[in-house]
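In what comes next, subunit A is part of two complexes: it sits with subunit B in the first one and with subunit C in the second one.
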Partner chain A sequence: MSKINCQCGHENPFGTVLCERCGRPQTTEAKQSETVDMRYEGSARRSQTYKRSIIDRIWNFFSSVKIGISIIVAVLVTSAIGTLFPQKLYVPVSTDADIAAYYERLYGVFGTIYYKLGFYDMYNSWWFITLVGMLGTSIIIASVDRVFPLYKSLKKQRTKRHASFMKVQRIFGEGSSDDPDEALGKAEEKLKSLRYNVKTEEGALLAEKNRFSRWGPYINHAGLIIFLFGILLRGIPGFYVDETMWIREGETRSIPGAPGYFLESKGFILENYTKDEAKEIYGEALDRVGSIAKNYQTDVALYKNKEGGLPGQSEHRKLEKEYSIIVNKPLTFDGYSIFQMDFRLDELKAMTFQLTQKETGKSLGEFTVDLVDPEDTYELAEGTKVKLLDYYPDYDGVENGEPVSKSPIPNNPAFIFEMVTPEKPDGERSFVAIRQTLETEENAYKVNFIKADTRDISGLTIRKDRTLYILLFGGIIFMIGVAMGSYWNHRRIWIQKGKDNTLLIAAHTNKNWFSLKKELNQVQDIAHLPAYEDRLDKESTSENLEGDQQ
Partner chain B sequence: MALASISSNLLFVSFIAYLIATLFFGGAIKGGKAETTDKNNKWGKVAITITIIGFLCHIGYFITRWIASGHAPVSNMFEFTTAFGMMLVGSFILLFFLYRTPSLGLFALPIAIIIIGYASMFPKEITPLIPALKSYWLTVHVITAALGESILAISAVAGLIYLLKNVDLTKKSKQRFWLEAVMFTLVLVIGFVVSSTAFSIAGYEAKFTYIDKNEAPAKIEYNYPPLFGMHEYKALTEGAMEPIAEMPPIVNAKTLTTFVWSIGTGIVLYVLLRLIFRRPLAMVLQPFAKKANSQLMDEIGYRSVLIGFPVFTLGALIFAMIWAHEAWSRFWGWDPKEVWALITWLFYAAFLHLRLSRGWEGEKSAWLAVIGFIIIMFNLIAVNLIIAGLHSYA
Partner chain C sequence: MASKSKKKKRLVIRTVVLLLLVSAVVYTIAFKDKVDVLAVGDMAPDFELTDLDGNKHRLSDYKGEGVFLNFWGTWCGPCKREMPFMESQYKAFEKKGVHILAVNIKGSDLKVEAFRDNYKLTFPIAIDKTESVKEVYNIIPLPTTFLINKEGRIEQIITREMSEDEIKSHMESIQPD
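Right, the complex of A and B next:
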C-alpha cells in the first residue's frame, strides 16, 4: 500500500486522515468538513485500511463499534427474554417431561412455545454462549485495532500544527492580538497553574492534560476479557467444585467433592424472631406477617483423614475445626467453602413400640427401631422377641401384592414384624405402618406405636472455585479502567501565532467540553486571547450560557 | 419507639422541603433571564438551599432509622425506594454544583417527590432481617447500586429537559406522542399514590382464602376493593365486594387489582389535567424547559451516565456478586433481579458506545437516557413485584 506524503514532508501510513506530524487533513472528506472527527487522531487503523482477505473481513466485522453494539443489544434482549418465565433452574421438577408439563400447566400456549424454543434454559443455550463469545472477540479485536494507532499518534504529535488542523477543531478562535508573544507567555503560565503539561515550539503552544485517561477504555476492556477468561476456566476439572450434601444431626459423612474430609453435624438450629426480644420495634411487622426467620445454623465438626489412614475409619481422622455454619457465614477450609443452604425439620429417626397382649392389654416390653440402621431382632425377655422381617422406609402402598418403598428416606416407615412369645413360639405376623396395622389372620399379640424421635437435616452446598480470584482481578481491572476513562478527560489546547499579529486557538477534549471551556475562559481572561466558538453549540453566544460563570 | 418516630418526621419534613424547593426552582427559571445562572438569581440560591436542608433531613431519616432498626434501612420496598429518592436528590445536588442549572432542579425534584410518594405506599413498619439479608455486603451492595442508579437517573432528567425543549409539540409526530406518553406514565404513578392513599384512609380491607400455584391453600388480604379474585378464592370478610373475575393461579390477582385501580385513577387524573390545561401536559411543561441550553443538557446527560456507570458496576454487579457468593454460594445465578441488573448495565454500555459515533448525541441520546430510566424503574417495580425471584422483598 502506498504511503501518503503530506505537504509538510512527513510520510504517513496508508489510511491516515490527519497528518501524524502537522495535522493537515489528508482526505478530501476531512478537507471539506467543518469539524473533523478527532477520535483516533485521524490515524490509520487496520480495519479502515485493509479490506481484502477473509481475515481482513472478519477483523473489520469485529472491530466495528456498530457490530459491537449490536452484539451487546443481542445479549441484552436474549437475557430479558430469559426472565419472562422462570428458568429451568428455578422450576421445582426435574425430568424433561415434567418440565414441559410444568410450563404448559402454568403458562399455557406461551409456556409450551417457551419450552419448545429452549428459552427455559436460555443462559446455557449454545446461541447465548456464542453471543457472549462474539462479545469477547469483538472487545479484543476492536481494542487492538485502535489502541496502537492511538498510542503512536499521541506520542508523535507535534506542538505546532498546521492552521488547517486548528480550523477543523470543534473549538476554534482566531483574532488579532496586541502582543502575541506576551499573550502566549501569560497563557503558558496560567495553563501550568491549571496543571497542564505545556510544550512550546516556534510561536506555538500545546497544553495537554490527563492523557492517561485515553487508556481507560482499553484497560476496562482488558478487565472484561480477564473476567470472561475466568468463566471459561471453570470448565477445567479441579478448578470448580459444586456439590450438595444432606447431613442429619449426629451423622458424620465424607464431604462430596473434597476427598479426605469428613463433616459431622452436631445439630441444626432454626430460630424465629420473638416479640419479647429486645427489639420490640419489630412487633408491628411480626403482627402483620406472622413469624419471621432469624437464623439457620448447622453446628459442625470438620475432620480430615490422617496421613496413611484408612478412609472411613473414625480413629484415623483428625479434628480440624468446629464451626457454626450460618447463612452468609460459610465454613472455609483448604479452598473449599461449605454453605448453609437448606434444611428439613423433624425427620423420623427412631420409633419406639410396645408389644402387648390384645386381650388383657398387658405389656411385654418396649423396643426402639433405629430407622436408618434397624436391627433384625429385638429381644424383650426370655422367649419373647420381635423380629423385623421387612422394613419399608418410605412406604407407598402395595404393588403386585408387595409393599413398596418410594425412597430410602424414612418419611413414612412401615414394618413387617414377627412376634415370638411363650404363648405363640412359632410367631405371629403383623404389618405395621403409621396409623395402620394389618394382620393376615387374627393375632393374639400386637405391636403398639409409643413414640417417635426426630432429628433435623441440614442441606449444605460445597463449593470450591479457584477462578474467583481471576474474576475478582478482572473486576478490579475493569473498575480501574472505567474510572480512569470516566472521571478524567484528555484535554488539549493549542495556541499559536498566525500571520500579521493574529492568534489562533483551538481545543479538544474526548468528553466534558463544559469544563474544558471553563478552563479556556480562565486562560482567555488572563492572556487576552481572541474569542472562540463552540461549533456544536448552536444556541449560546458564550456569555449567557446557563451555569457558565462560576 | 421514639427514634422511629423522629425518623418518619424527618422524612416528612424533607418531602415538604422538596415540594417548596421545586416552586423556587420554578421561580428561578421564570424570573431569570434566558439561560441565567444561579449566581445572579436569588430564587435559585434559595431553591438549592431548601433542597439541601431537605436532603439533610432525609439523611437524618436514614440514619435514625438505621439506628432504630439495627440494620441499614434498605431491606424492603418502602426503605429501598425511599433511599433511592434520597440518592436521586443527592445526585441532583452533585450535578447542580457542577453545572448550576436550575432547570435540572425543577424536573429532578418532582421525580424524587413522586418516588418518595410511591415508596410510602408500602408497609412502613420496621422489619427484622431474614438470615439471607444479614450481611454487611448486602448493605454495601444495595447502597452503592442505588447510588449508581440515581446518578444514571439524572441523565434521564437532563434528557427529558432536552426533549421538552427540542421536540416540536405543535406538529404531530412520533416524538410528540412518546413524550406525552412519558408524562402520562408519571401521572399513572401519581394515580397509584392517590388511590392507595384514599383506600388506606378509608381503612378498606377484604380477606380471602385461595389455592396458590403449587396447589396449596393460602390467605390474602386486599387493601383495594377486589376487582379480580385469586384462584379458587373464598371471601372471609363479610360484605366485601365480589370480585368480577377469577384469575388462574399464576396471576397475582391482588397485584392486578391494585394495578387496575391505579391505572383507572391515573387516567381520570390525566383527563382532568387535560381538561384544566386544555393542552397536552408536555406542552404545559415546555415553557419551563425553554431556558435550558441544549448542548449543556446533552452534556449533563452524558456526564451523569459517565459518573454513574462505574458506581453502578461496582454496586450492582461486583458487590452483588461478592454478596451472592457468601449468601447463596454462587456469585451469579441468573435470578431475574440479577439479570435485570445485567440488562441495565449492558444498556448503559450500549449508550456509551453509541455516543462514540456521531449522530447519537442530542435528541437520540436524550431518548436513550429516558429509556434507561424506564429500565431502572422496571427493575425496581416490576421485577420486585411481578417477576418475583430470590430478591423479591416481602
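Right, the complex of A and C next:
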C-alpha cells in the first residue's frame, strides 16, 4: 500500500497512473507506451488503495467493471432463459404440484429442470432478486469509486504539465516557433472564440470545454439506481397493487387490494355496432365476422367504510360515487384505478317454475327462485305453496346418498322442492335438476321449468402504483445522463513553450476526435502552431485533414 | 495518525453501505409474496359479522379468550367432513373459553341454514356476503382455520381438513389459563 512518489515531489496514492500534480507517467507500462489511457485521468481508483479487511475485499469485488459486466451478462442470460417457457403467472393451474406436473407434461425433461431451478417464477426467485441486487450494488460502488477521484483530479488539474505527459497524449505535436509568446496569445484568443475556458500559467495554456459531459455516465447510473429503488418500493405494502376481481350484476363486494372499499355492480353493458350506424367503416367486416363490439361498460357504485368501520359490517358503508367504467376510462379513487378488462355473459340468476297437476296438466301458479339468495317458501294460493328444502347451485351427482354441489356458482342448479297443495297437505317431495326430476314415490303434482333469467359478470382489475413517478423520475435522470455524455464531449487542448523557442501541443477528448481535430486545426491556422499527429489514427494527420476540407 | 482515522471512517462507511444494500435485497426476497398475507404471531385483524340468528360477533369482543375461526363453503367436501368434529369439540370447549366462529363464503341464507340444520350445528355461523373478511384474512383454499389466542394474536393457520384429535389439540393450544 505504499505511496508513489513522483519526480516532481508529489506523493500519489497507490494505483496512480499519471501523477496527480504534473502528469508524469508513473507506471512502467505508462512510461513505455506511446499513448496513455486517460480514463479517470490516470488517477487511482479508490478501491485499489486499500485491500485489507473483508469489507474492503467485497467493496473491491463490486468496484470492478469486469465483475459489473459479468453480472449484467448473467441477468441477461437468465432473463432470456426465463422467456423460453411461460412464467407461473400464465400457467392455468395453481398448486405447486400441479405447476410441476404442468411443466413436465408440456415441456418434458426441460420443463422439469426449468421448474426445479425456479425459472417458472423467475422474477420472484431469490437468485434473480439477488442478481439484480448485485447489479445495483455494482453500479453504486463502481460509480462512487470512480466519480470522486475523477472529480478531484479534474478540479485540481494543473495548467502546466510535464512534457512527458504531453508526449503520451494521443494527439501530440512539437515544433519550433518564431514567436512562441505571440502564438500562445493568438491561440488563447481563438480558443476563447471557440468557447473554450482558457487558463494560462508560465508559458503554458490549458483550454477546456464541456467538462460536465464527463458526469453523464454517473448521472445516468444514478437514474438507474432511482429506478431500481422504485421497483424495490413496490414490495412495500401500500405502494403497489395489481389485483383482479369478478363481480356479478347486483353484487356488492369488497375490492381486493383496497381495504375498506366496496364495489357494487349495477349492470354490465356490451354494445355491438349495428349495420346501419357503421356501414361505411365496418360494413365489410360486419358481413364477415357478424358483430363488432362498440362498448364494454360496467356501471358501478363505490362505497367506503366509515371511519372506524370494520370488515364485515354493512351498516357503516357510505356511497362515494357512481361511475360507468368503460375500457380505458377507469374508476379512480384514492390512488386506485379500476379498469374494465373482461366479461362473462349470461350466468343463471333466477329460474321460474310452474306447479302443475300431473293428471290434468292444470297450473297452480308460477314462482321464481333467485339462485343467489333463494327463499325457503313460495306461496302460490291459499293452501298451496312450494317449499325449497335444499338447493345445489352446481349439482354434480350424489355422493354417500347426498346430492353435492361442486361450486357455489349456479352452473347446474338442482332443487329439493316440497309441494303443498289442498289435495296433498302433507306435501310431496321432488328433486328437480335440469332435464331431470326424481321422486321418492309417485307424486300427483310436479314442478315445471318455465324460464331462466341471467346476469353478466364483469372482470375488473384494480391497480395502484405509487412508484410510477419515482420510475419516471429515474427514467428522466437516466436520459439526462445519456444526453450529457452523448451530445457533449469533454475536450482539452494543452499548449506550452518548450526549450529553445519550441512549442508543444497536445489534446484529449473522451469521444469525437474528429471534431476536436477540426477545432485544433482552426487554432493552428491562426496561431501557426506546429503540426501534430494522431497516434491512433495515423492516416488523418493535420495535413491530411486540411486536404480533405478543400 | 490522520490517515488512520480516515481509514477507519472509510471502513465504517463501506460497511454501512454494503449492509444497506444487503438488507434491501434480503427484504425484497423475504417479503416478495407476503405483502398482505397474515402470518403466525400477527394480531388478527378485527371484524364484525352477523350470524344466522342475527347476533353480532366482533372479534375484539373475544379478547382474553381463544377463537377458532373457520372459513368454509357449503360445496366444499373437507369443510363438511370436519364440521361434526367441530360441533362436538365446541360443546367441550365453549365453557373453557374457546369459541368457534364459522365464516361462510359465497353461501346463501337458505343454503347455509339448510346445512346447519342438516348437520345440527350449534356454534355461530356467519356469512361474509361482501367477502371483506375473506379479503382481509387472505383466504385462498377452503377450509382455512385461524387459531387466535387470548391476546388476539394468530397462534396457527391451518389450510386443510382436520381430524377430531387435531381440532381438540388446536383448541387446547388457544385455551386461556
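Just so we're on the same page, the second predicted complex is superposed on the first by the 460 of 550 C-alpha atoms of A that agree within 3 Å, B and C clash if a C-alpha of one lies under 4 Å from a C-alpha of the other, contacts with A are read in each partner's own complex, and residues count from 1 in each chain.
As a working rule, contacts are C-beta pairs under 8 Å (C-beta built on N, C-alpha and C of every residue); 3 or more make two chains touch, one makes a residue touch a chain.
All values reported here derive from a predicted model rather than from experimental measurement.
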- [ ] In the overlay, answer first, second, both or neither for which of subunit B and subunit C A:T461 touches.
- [x] first
Open item on the list: Per the contact definition in the header, classify A:D56: touching subunit B only (first), subunit C only (second), both, or neither.
Closed with: second
- [ ] Decide which partner touches more residues of subunit A, taking subunit B and subunit C as the two options.
- [x] B
- [ ] Could you tell me if A:A101 is touching subunit B, subunit C, both of them or neither one (first, second, both, neither)?
- [x] neither
Open item on the list: Looking at A:I526 after the superposition, I want to know if it touches subunit B, subunit C, both of them or none. Which is it: first, second, both, neither?
Closed with: neither
- [ ] May I ask you to decide whether A:L389 touches subunit B, subunit C, both, or neither, giving the answer as first, second, both or neither?
- [x] second
TODO: May I ask you to decide whether A:S337 touches subunit B, subunit C, both, or neither, giving the answer as first, second, both or neither?
DONE: first
Open item on the list: Looking at the complex, which residues from subunit A come into contact with subunit B?
Closed with: 37, 39, 65-66, 68-69, 72-73, 75-76, 79-80, 82-83, 87, 89-90, 92, 106-107, 122-123, 242, 273, 279, 281-282, 284-286, 288-289, 292-296, 326-330, 337, 339, 341, 461, 463, 468, 471, 475, 478-479, 482-483, 486-487, 511-514, 534, 536-540, 544-550
- [ ] Spell out the part of subunit A that touches subunit C in their complex, as residue ranges.
- [x] 50, 53, 55-56, 58-59, 124, 126, 129-130, 133, 136-137, 140-141, 232, 235-237, 252-254, 256-257, 259, 262, 310-314, 372-376, 388-391, 393-394, 404-408
Task: Contact footprint of subunit A on subunit C as seen in their complex - done: 7, 10-11, 14-15, 17-18, 21-22, 24-25, 27-29, 31-33, 35-36, 45-49, 58, 73-75, 77, 105-111, 113-114, 118, 126, 128-133, 135-136
TODO: Provide the residue numbers of subunit B that touch subunit A in the complex, in ascending order.
DONE: 1, 4, 33-39, 68-70, 99-101, 103, 123, 125-128, 130-132, 134-135, 137, 213-214, 249-250, 291-296, 299, 302-303, 306-307, 309-310, 313-314, 317-318, 321, 325-331, 333-336, 339-340, 342-343, 346-347, 349-350, 353-354, 356-358, 383, 387, 389, 394
